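Following: one structure in structure tokens, then a few remarks.
Naming follows writing order (A, B, C and D), and every chain is counted from residue 1.
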Amino acid sequence: MRGDDRLFGYVLGLADDALVSAQRMGWWISRAPQLEEDVALANIGLDQLGQARTLLAYAGQVEGNGRGEDELAYFRDERDFRNVWLVERAQTDFGVAMARLLLFSTWQHELYAALATSTDATLSGVAGKAVKEVAYHVDHASRWVVRLGDGTDESHARMQDALDAEWPYLAELFAPVDADLVAAGVAVDPPHLHSTVLTRVEDVLAEATLVVPQVRDAIGGGRQGRHTEQMGYLLAEMQHLARSHPEASW
Amino acid sequence: GDDPAEFTALLAGDGRVEPRDVMPEAYRRTLVRQIAQHAHSEIIGMQPEGNWISRAPSLRRKAILMAKVQDEAGHGLYLYAAAETLGVDRADLLDQLHSGRQKYSSIFNYPTLTWADVGAIGWLVDGAAIVNQVPLCRCSYGPYARAMVRVCKEESFHQRQGFEILHTLSHGTPAQKAMAQDAVDRTWWPSLMMFGPPDDDSPNSAQSMAWGIKRFSNDDLRQRFVDMTVPQAEALGLTLPDPEIRWNEERGHYDFGTVDFTELFEVIKGNGPCNEQRLSHRVRAHEDGAWVRDAANAYADKQAARRTEAVVA
Amino acid sequence: MRGDDRLFGYVLGLADDALVSAQRMGWWISRAPQLEEDVALANIGLDQLGQARTLLAYAGQVEGNGRGEDELAYFRDERDFRNVWLVERAQTDFGVAMARLLLFSTWQHELYAALATSTDATLSGVAGKAVKEVAYHVDHASRWVVRLGDGTDESHARMQDALDAEWPYLAELFAPVDADLVAAGVAVDPPHLHSTVLTRVEDVLAEATLVVPQVRDAIGGGRQGRHTEQMGYLLAEMQHLARSHPEASW
Amino acid sequence: GDDPAEFTALLAGDGRVEPRDVMPEAYRRTLVRQIAQHAHSEIIGMQPEGNWISRAPSLRRKAILMAKVQDEAGHGLYLYAAAETLGVDRADLLDQLHSGRQKYSSIFNYPTLTWADVGAIGWLVDGAAIVNQVPLCRCSYGPYARAMVRVCKEESFHQRQGFEILHTLSHGTPAQKAMAQDAVDRTWWPSLMMFGPPDDDSPNSAQSMAWGIKRFSNDDLRQRFVDMTVPQAEALGLTLPDPEIRWNEERGHYDFGTVDFTELFEVIKGNGPCNEQRLSHRVRAHEDGAWVRDAANAYADKQAARRTEAVVA
């Protein structure tokens, strides 16, 4: 594999995580528990979408076939998407949304913080900007997890269930990436983030009076393009209009 | 009239009424109803456009659309806050929306059938809203007027984005152009109805004008909107679905056809294409979120109690 | 409008009703309350899909532009679909599914029975075959509506709610169609079916101890290509794969 | 053994055991478990293919797929009925499926990621099922054997349809061909695992063979499947993801690589890609349908009571 192919794959993984997460976040706008939260979730989704756009554009440059952000978002098939399972499953429960955001954004925060010193100038630039956005996402998710965990009996039970439901998808975030990219200081190796992310999440759970779930890890496979059956529906909805007018500009 | 003298004097001097000023109860009630309806319209108005967030045809358009729908939630927040300065509570106003006792703008009871509807809403619906709202920036009630200044600034940004969507479609493939024309054909008459019934059929207008809440009559605003929009339609290369539109040199305005309000009244009565869907979407979001709001309140109470304990101890 | 355009539009309406109904019915397979019902609903969906295919193929012939059943099903946009609102909305409650099937199939049955003597030989042939299939659909829906209406207190309440929810969409089925096609004996004018359909449905409701809903008619507009907001999602899912490979055969 | 003499004699004469015949309890229990597991596999097996009903790329394929998934429900019905002849109840068997006490075939714990998976399931999974099931048409237990005759007839139809889907894809566009190859790459090894562990690691096989439930060993059936499938893969123009496949003139069979059962055991333990999804989909359908089944029972009771009253009166 050429170095560019590896880099392309690595950048796509980061981009698709952000894109698919933003796509799911968009669902919440007009459906949040209170108006302030519609605003906040839209903000978070917009941040993620912005990261996705920059990263996709960069992936397209690295690939060198002239594909831009929209070609990559709208005209790739499911098997070519590289996002983790954590972000792609449909969710309609606010507790689940916050459990997921806590796990995802805590991981993204540590990742971007480390990537800010990447030897790849574009990646370090993107990461340096994104880490500030994601710090807000972590804070937002943490506050809700604490409020819901230490709120009413009902919210405590629901928040614990939500956490149990999302926890199996945490492991996939720490799968190793291309060793050469790591050795070259381009990529961050996710296993190195594991203990920091876990500690930070556990601190939030402790304050929230929640327990760390004892559940089996999901198999995952998103980085290799093996997704859950929900991914196809997400893409059908996201891509249908663009694919219906392949020659159009918007 | 029966209004207190200091209030009448304030209005006569074109001053602003502030929350602590003396004001007639009818003035307060009228404002609460109008501001609440305006706030409700912002949050119900998130739905027709929100319907295309997941399907926006480019990532740039998706981002713009998410930001726009987010702005609508923000406008809702400003406006509920303005209403609360009049001694009402956001939760109560929402209950009145959910139970159907307070209304929202009927324009949001139409479906967004294609992507071009997102453009048509921005161009025509936000365009009409701006024409309605710009005079409200000089409304006699201070908090409302100030909220409208912020709202109008953002709305005119949205209106340009809607225009731009339609401009791109109109200059795109034949299918895109047809999509744009179709959306304009469906949105034009409902957007004219946003100015309300004709002046001779608008019983509350006179009092609102006297109180400095309303500055121009429905028909005057409608004419202003038509005058503003016809040249923009020409710039877009799209036609408006009214064969009677033509420039009237004598009046210095565009003539246009008679608005058929039968449909508007049906929609107001609840019989529009999406009335039930819009309200039940909103009610479901509210009910699904009840446990979350309860938890937030319970947590805040616990925290307050903990702080008190810490102080006492 | 040329006669062929009118006929094209009329046939499309019948075809799209059947196609969209089949698409919604397919959702139930693997989700029915009992295994026998998975089989039965699949059967009904298959009948409807078969009717749709024959009618779409005929519509394509009438149009004369070389479009076949798949071009019409997969490459038409939402505004060009001519089905009524009754069939297009998502439903996940068995009572709603049966209420809808009762209304739709009772109407379809009277329509096809009358269309069996159409002066258009193709339509009379399709209708003559379909009327037998649809008789089974009516029977199946009727039995369930009676069982649920006259079952438990819970099922009675749920069945009445389901009926109330679907009833507003009944009126659109009786909207008049092109007068010239009716005059020529090609098309059946739906208003003529109204009292028979209503009587048959009311007989079932009486046996089911249910009351005729007093609810406002929905606005409708499907025959003019004005659909509910749910239609776009249905089409995105149905068409995405075909549109992703416009040049492919399957 | 401890089996009753008449039962032993029946098996020795290659006769069929019928529900009223005397049979050892262990024979009965083994059959109940096997038939139930088989029935459960049919109904869980509706899900991976059902996943593509709404998205099938042509109406003809959609109809074929709906009919196929319907057939699987029908197979489930035959098989539960066969199990019921052994004195068990379908509702109880379903409870055991839902609570995880009875299994279904692990092959259905893989996702269908693309349309080509529908073809690969038909060709490889149904193909393997047929090889497993054809001998069961001569199973010693009559009702099971007769159910299998019907099932096998339909399965071979499904297998041809799967082959035809892949053939069309393989001879279609480059993207279609790649989709077909990818599906075969993912499905090949799991389909080999459908024959169970190697013979020297299959503790219950000997007893099942003695009882005439099983006719061939796991490895024999696996070899038969490979021998049948390799030429079909060539006809399809697709490769099987095993570089060790080659014709062995001496054995008169295809050699093939060693199956890595680690993955299978993980999937059996519940750790496959879709275990939780498949079971929760099934349980949800069952729970959502409870009120319907209750109503049907209540109605039947009422009708029976009405008939009795009518007779008495």
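What we mean here is this: a residue touches a chain if its C-beta (ideal position, glycine included) is under 8 Å from a C-beta of that chain, and two chains touch if they have at least 3 such contacts.
Predicted, not measured: the structure shown is a model, and the values here were computed from it.
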item: A-D compared against C-D, more contacting pairs; value: C-D
item: Distance from the mean Cα position of chain D to that of chain B, given in whole angstrom; value: 58
item: Centroid distance [mean C-alpha coordinates] between chain D and chain C, Å; value: 34
item: Chain A and chain C: spacing of chain centres that average the CA atoms, whole Å; value: 41
item: Sites on chain B at which at least two other chains make contact; value: 55, 175
item: In chain C, residues with contacts to at least two other chains; value: 77, 236-237, 240-241
item: Arrangement of touching chains [line / ring / star / complete / other]; value: other
item: Chain C residues within the chain B interface of the complex; value: 77-79, 216, 218-219, 221, 226-229, 232, 236
item: Chain A residues touching chain C - in the complex, by the definition given at the top; value: 77, 233, 235-237, 239-241, 243-244, 246
item: Chain B - residues contacting chain A, complex; value: 43, 46-47, 50, 53-63, 66-67, 69-70, 73-74, 76-77, 80, 115, 165, 168-169, 172-173, 175-176, 281-282, 284-285, 288-296, 298-299, 302
item: Complex contacts: residues of chain D adjacent to chain A; value: 51, 55, 111-114, 175, 182, 270-274, 277
item: Interface residues, chain A side, partner chain B - complex; value: 19, 23, 26-27, 29-39, 42-43, 45-46, 49-50, 52-53, 56, 69-70, 73-74, 92, 94-95, 146-148, 150-152, 154-155, 158, 237-238, 240-242, 245, 247-250
